[in-house]
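First chain A sits with chain B, and in the next complex the same chain sits with chain C.
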Partner chain A sequence: MADKNPIVPKLEKLGREVSEQIKKGENPYVSIPVRALSNVKFNKEKKTLSLGSQESKRYFVNVAHARKFMQTMLVSSFCKELVEHDIHASIREAYYSLKRNIAGTHENTFEEQGESDPIIVDLEVMLDILREQLHLNADRSGVAAGKVIISDRGDTIDWSKLGSGGWSVPSNVEDIKIKKVDAKFVLVVEKNATFDRLNEDRFWEKHDCILVGTHGQAARGTKRLIHNLHQKTNLPVYVFTDADAYGYYIYSVIKSGSINLAHASEEFATPSAKFIGLTMADIENYGLEKYTIRATDQDLKRTREMLKYPWFAAKEWQEELKTMVERKIKAEQEALASRHLKFVSEEYLPTKIKKKDFLP
Partner chain B sequence: MADKNPIVPKLEKLGREVSEQIKKGENPYVSIPVRALSNVKFNKEKKTLSLGSQESKRYFVNVAHARKFMQTMLVSSFCKELVEHDIHASIREAYYSLKRNIAGTHENTFEEQGESDPIIVDLEVMLDILREQLHLNADRSGVAAGKVIISDRGDTIDWSKLGSGGWSVPSNVEDIKIKKVDAKFVLVVEKNATFDRLNEDRFWEKHDCILVGTHGQAARGTKRLIHNLHQKTNLPVYVFTDADAYGYYIYSVIKSGSINLAHASEEFATPSAKFIGLTMADIENYGLEKYTIRATDQDLKRTREMLKYPWFAAKEWQEELKTMVERKIKAEQEALASRHLKFVSEEYLPTKIKKKDFLP
Partner chain C sequence: MVAEGKGVNKEGAKERISDSTSEFNSEDFFQKTYKESNVAEFFRRNLHMLGYAGPLKNLTTIVHEFVTNGLDACEEGNILPEIAVELESLGERDMVVSIQDNGTGIPESYIPKLLGKMLSGTKFHRYIQSRGQQGIGSVGAIMFAHITTGQPIKIITSTGNGTIVTAVMDIDVKKNEPIIYQMLKSKGKWRGTKIIAHYKDVLYQKSEQGVLEYLRRTAMANPHAKISLKEPDGNVIVFERSAKKIPPKPVEMQPHPLGISADDLRGLAINTEARKISTFLSTGLSRVSSGKAAEVEKLCSGLDFSADPKGMTHQQAERIVKAFKEVKFVSPSTEGLVPIGEERVEESLKNILKPNFYSVVTRAPSVFRGGIPFQVEVGLAYEGEAGRAVTIKEDGRTKSGKASEIMRFTNRVPLLFDAGGCAITTAVKSVEWKRYHITDFENSPITVIVNFISPHVPYTSAGKQALSEDEDIMAELRFALMDAGRKLKSHLAGVRREQMKQRRRDLFNKYIPEIARAVSKLSGTAEGTLKDKLQKLVSLRLKSKEFEEEEEAALEEDGQKGPEGDREKEEEEDE
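For the complex of A and B:
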């Protein structure tokens, strides 16, 4: 629980500041860093997205701000109780817990979750605290296996002894301790089917690694787990997705963070992560020409947008994305099964790792 | 592996029959039970959906059938290899494994997964074998915790010692052995957030139960796991969803099977399952009036359709669905958090179980 100590004082400081403003007869306010795209920067050195220095003030005595100010205080107070009582809530539970009629009015504190969610992000940004540290949980999605032993809520869990299932990655991994790691790298895979293939083939055992399945875009808990595994062990992280705009974006979010989470890149991103595949070059190198899929207009539009993102500015990525636009194709991880089912675990991945055939 | 023995002989019998037809100079065919709604029956006694006796024949020498006949043989042969080599494939890997050019033509064996998926179902129905037994896996989704010890791929896994994560339910649970159960009931919950709430509150420990999270509509692996847990232990199964058409349908599929899976209800359905909530009556009984959501036109349309399904014919369900249509509201599991966060685990569920306040 030692890690949580800074959280309550930060919340108390917020409350104290507001209460002192009131005592002085001032119009109480809170300062919130601006989260618009205009205030999002890409730090080339750190290779992560971050927020700039723009701030806005939210006042209590201001018809445009009063409701949000009240909501900010409610969410702050709720989080303080969660942390103090060591209980967690989903962001949806938080909404229901805080929704109520304001005595003597026809107004509710919150009308929909669309009102409480942004206040939670405001609080993260204002206090430089993750919502997970505030004991608020997002949805979970993700599975892990391999040569790691963790401890969590008093249980010691060996990820190499979980059969065909694996460990379901929770939404909140803040209290999880990584006890023992006997691996050479972390392999993150986009699809459940690929996780199942590699798990059945005991890839993590044969190649001494940790296998994490994201099931599409990685959930916050999964991104944080990958970040923490890397922080703790300094192991290389390889990301394996489909060769399409969606897959490449999954990779970039794991590596550099995302626009929505720019304020928390330091806690979620893994800037040294490398992209192991699939790439456009893999299609020829591994004989997948007949197993590609025609890119849709939507895919191509997305790929053209990504060409402009500074975090895809490396020449290898520019080339990759341009090739995709020119050839108008994409390819799935499972296309490797056209060679043979175990091709991905016996040939493709070991070869790419041996040759260090990665995109940056 | 003893369970798998009947699978290969069934596939071999199919091959032998076709080859004998050819030797006799007959037009080879296979007989496939019709899977249209017209051939789906609800068995009131068993409380499950099942297929009727209509069959169709698929001939090789028939321009309308030849392609599908060829595909049926390819999928059958692929599955025989999977089972014989004890290797599993996702249905997407199966498609890529079987897609190839037919020598001397411009035809491919399969053009898209939309061609191979129905053939897999044909095979399930023809041979009365689950695709899981044919070693073909669908996508996974689901998480489990509680007082159970299983064995899977040589690992012994105690679901009560998996921290905040839980065991990720794989797509294929055919080889999983339930070794020890120290529980009084199985509680199936629709939402991850509810799973997390009950897991954090250690509901399964305090009430000696098994907790299964479906994350929306239950995946095949999760349905089969619930079915197997019940078969093995005879424990009561309670299903907990939102009070809306989607939630009620999730329940009905777990209990009675679905139209698409009517041929396999005996293997997937749990006809004795009971619905624990949320119900329209809960809204008053537990003071949730201010926390309901207006039903959309889509919700109401779906609810009216469900009123006609024979598996919702019980008077309690007719009343429930009619109330929903009249009041035009729905409510979420998380609405219980409006009382207090642990209300669901300390009050709501224990009270409903004690009073046996279930829908059939």
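For the complex of A and C:
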């Protein structure tokens, strides 16, 4: 996957284009696809998000663009060095490497990481490559367990023999080889606590599955891992989150991709993923009425926004979101522990899977 | 002329004089105080009221009196004034002052009367916008020479008839009569008047209250005049005229009943040709019809309005003036006022202060106390030679800097003293200059010029150096200052724009080294080539009109949203 060769020529091509513009006396610019809701398309067939054709031009001689143009050139040339010398850097390291005083001013090339991060995404989108290919790593978070054997930089790792902690998913999974899988499905859970519960109960062993914890919104490495597992094994992927707008959105990003990463849905999304719970219906079906939480205005606002997203247009989701807005409640995964601690692993999940009680 | 004053004793006069808060009326003042007794003694006792208070002020007052006379003489004759002041030092606080004008000149027979006798000027009993101090000014200056050196003065004058008269004269202070020591006539084609006088207790200093500053300000308010000064060290400073047109003459007007005091009324009554008080009122005052005079009469029961106005007592005059306040009169005419005019003030500012920015406002005439017309003019000069030069202490070092400066004028005459008690100063300080892009007024290179025009200037005291804080006057002063402030602001906004442009230029140039290095690494093109090309590009693009528009658009866009469009705040940030 990590084919470095096409990356350097892409960066060089960008440099040549800008250099040619400068030599001709033109105002140099780069074209960047617009990363905004207005330029995101939902492909109903593929069930993934993709970027539209809107592009914005970033010029050097333009009061509003000059600084970002300079930063774009700096990030590009930095990435070229990384790839050429085969070094990897975190996006925070990249920020520190690029930050310096601009001669004759009190200004720095970058003042905070919040400036360099978006430029990195710009570059990904511009060149249609992933930051991993630019040798830049995002922060990691995510954990996996199950009857899976992989190889990582020459080490062979058996996910079933990693005790209570599980396998920590690195930020870059491009070089990880999946050697052997003995499972019937992949279960992705939002919360660490739920992952720990299911791991302690050896749910993955009893039900022949691969367990992946995302710890909130899935990091790039984790999304890529889920995508790769599905690609490799074609196992069904079930996602288990809280019953709230935030949880539902975590599911949609794993399934269809995100607005910010719409250009890379092909690499990150798992369109066949299904939502296992918690749903509004589960609250009645599993007697959790007394264990719901009042939805905040923020939650309701977000839910109403999501009602308009084309990737939540399915009838079931519209009903689900509307119910949430009407009842003004939400529920956590852990609410299932109100019945008893092992209720989630012994009754709730097995019942849902058996009945195929999923949302699309 | 002094017949009515004879009954008043000295005590009464003193009382009146010491009442400095009430308006000073020279006519009344002299009528009551001036007797055959010792004029010099009177003069000495009241020096401070006439502007003689300390050696610095003495010299400024002397110059002021003669220059004012000179300017008036030119105005009378419709002549473009050319005033030359020469100061020759004879020792410490010992100086010969000579002042020459190119005015109408004084006919031979008038010389003793005009210059040798107090209260004999042509401006007496006239209600008119005028510079002078109504008949005491130049005589006072001559008297001051007599007191300090005992020397006679020399007058050279000609009406341009081919004869030049040179007179050496003094004042018999006991009799208030001129003494002519010598009167020579010679042939010569020249017109004007030159006065040469010897003084002690005078000091030349380049300060805010000194002669140079007085003349500089006089030049500013009289842009049609050429004024020169030869300093005691021989250095000559010339203020060239910036306007070639002589301003129209102020028109004499009748006083309005609401703008008159009992003393004024009695002064007028003495000189009227009317036989009855009722006719006197309807012919001698503005806006008083015979109907209105009858209304006044009704309010003064027991007072015989068919009596001879010449016999009017002070008490009667007071009753009539009191009755005026209860009758409705049409506001006075403002036609007699002659402002310097916006164009002229502008020329004058440019000529003398050479400011980078300026604004000028001449307000429409207005009325105070219901009966006295007045008009306010304001000029603001910013940067250039505007503002007062000061030394600033910074980190233990002193360096020269600028502070704000207020130039006050009444009927074009600069006021150099009593700034703190003047309505003009109060008005200037009450304006919120921040609103007009002048953030620190006190320490800004700004000169504020205010000219107050009226046939009757309400001074706070006999010194005639400060305007009293009348409500109507304060309001007009403030309006004029704010109008001018607004105008200046739009100029300054233009500058700020220019400065912003410069900053934008720097904004591009400072990124060039970074961009050149990065693009060179990416493309292999030489860094130097890229730098060169980028620098040329920036200077070229900044000149193009297209850029201006592009930039405007970018700025607008930047103000509303980022250049990449409405990037949604998503909660799903994965970094």
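Just so we're on the same page, the second predicted complex is superposed on the first by the 333 of 360 C-alpha atoms of A that agree within 3 Å, B and C clash if a C-alpha of one lies under 4 Å from a C-alpha of the other, contacts with A are read in each partner's own complex, and residues count from 1 in each chain.
Definition applied: contacts are C-beta pairs under 8 Å (C-beta built on N, C-alpha and C of every residue); 3 or more make two chains touch, one makes a residue touch a chain.
This structure is a prediction, so every number in the text was calculated from the model and none was measured.
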First (chain B), second (chain C), both or neither touched by A:Tyr251: neither
Which superposed partner A:Tyr348 touches (first chain B, second chain C, both, neither): neither
Chain B versus chain C as contact partner of A:Ile22, first or second or both or neither: second
First (chain B), second (chain C), both or neither touched by A:Trp167: first
Contacts of A:Asn192 with chain B and chain C, given as first, second, both or neither: first
Touched partner set for A:Ile259, first chain B, second chain C, both or neither: second
Partner chain(s) touched by A:Asp139 [first = chain B, second = chain C, both, neither]: both
Contact residues of chain A, present in both the chain B and the chain C interface: 139
Complex contact set, residues of chain A against chain C: 11-12, 14-16, 18-19, 22-23, 25-27, 32, 34-39, 54, 56, 58, 60-70, 73-74, 76-77, 80-81, 91, 102-105, 107, 109, 117, 138-139, 217-220, 223, 246, 249-250, 253, 258-261, 302
Complex contact set, residues of chain C against chain A: 504, 507-508, 510-511, 513-515, 517-525, 529-530, 533-534, 536-538, 540-542, 547, 550-551, 554-555, 557-558, 563-568, 570-575
Chain A-facing residues of chain B, complex: 87-90, 92-97, 99-101, 137, 139-140, 143, 150-157, 161-172, 175-176, 192-193, 196-197, 200, 290-291, 332, 334-338, 340-342
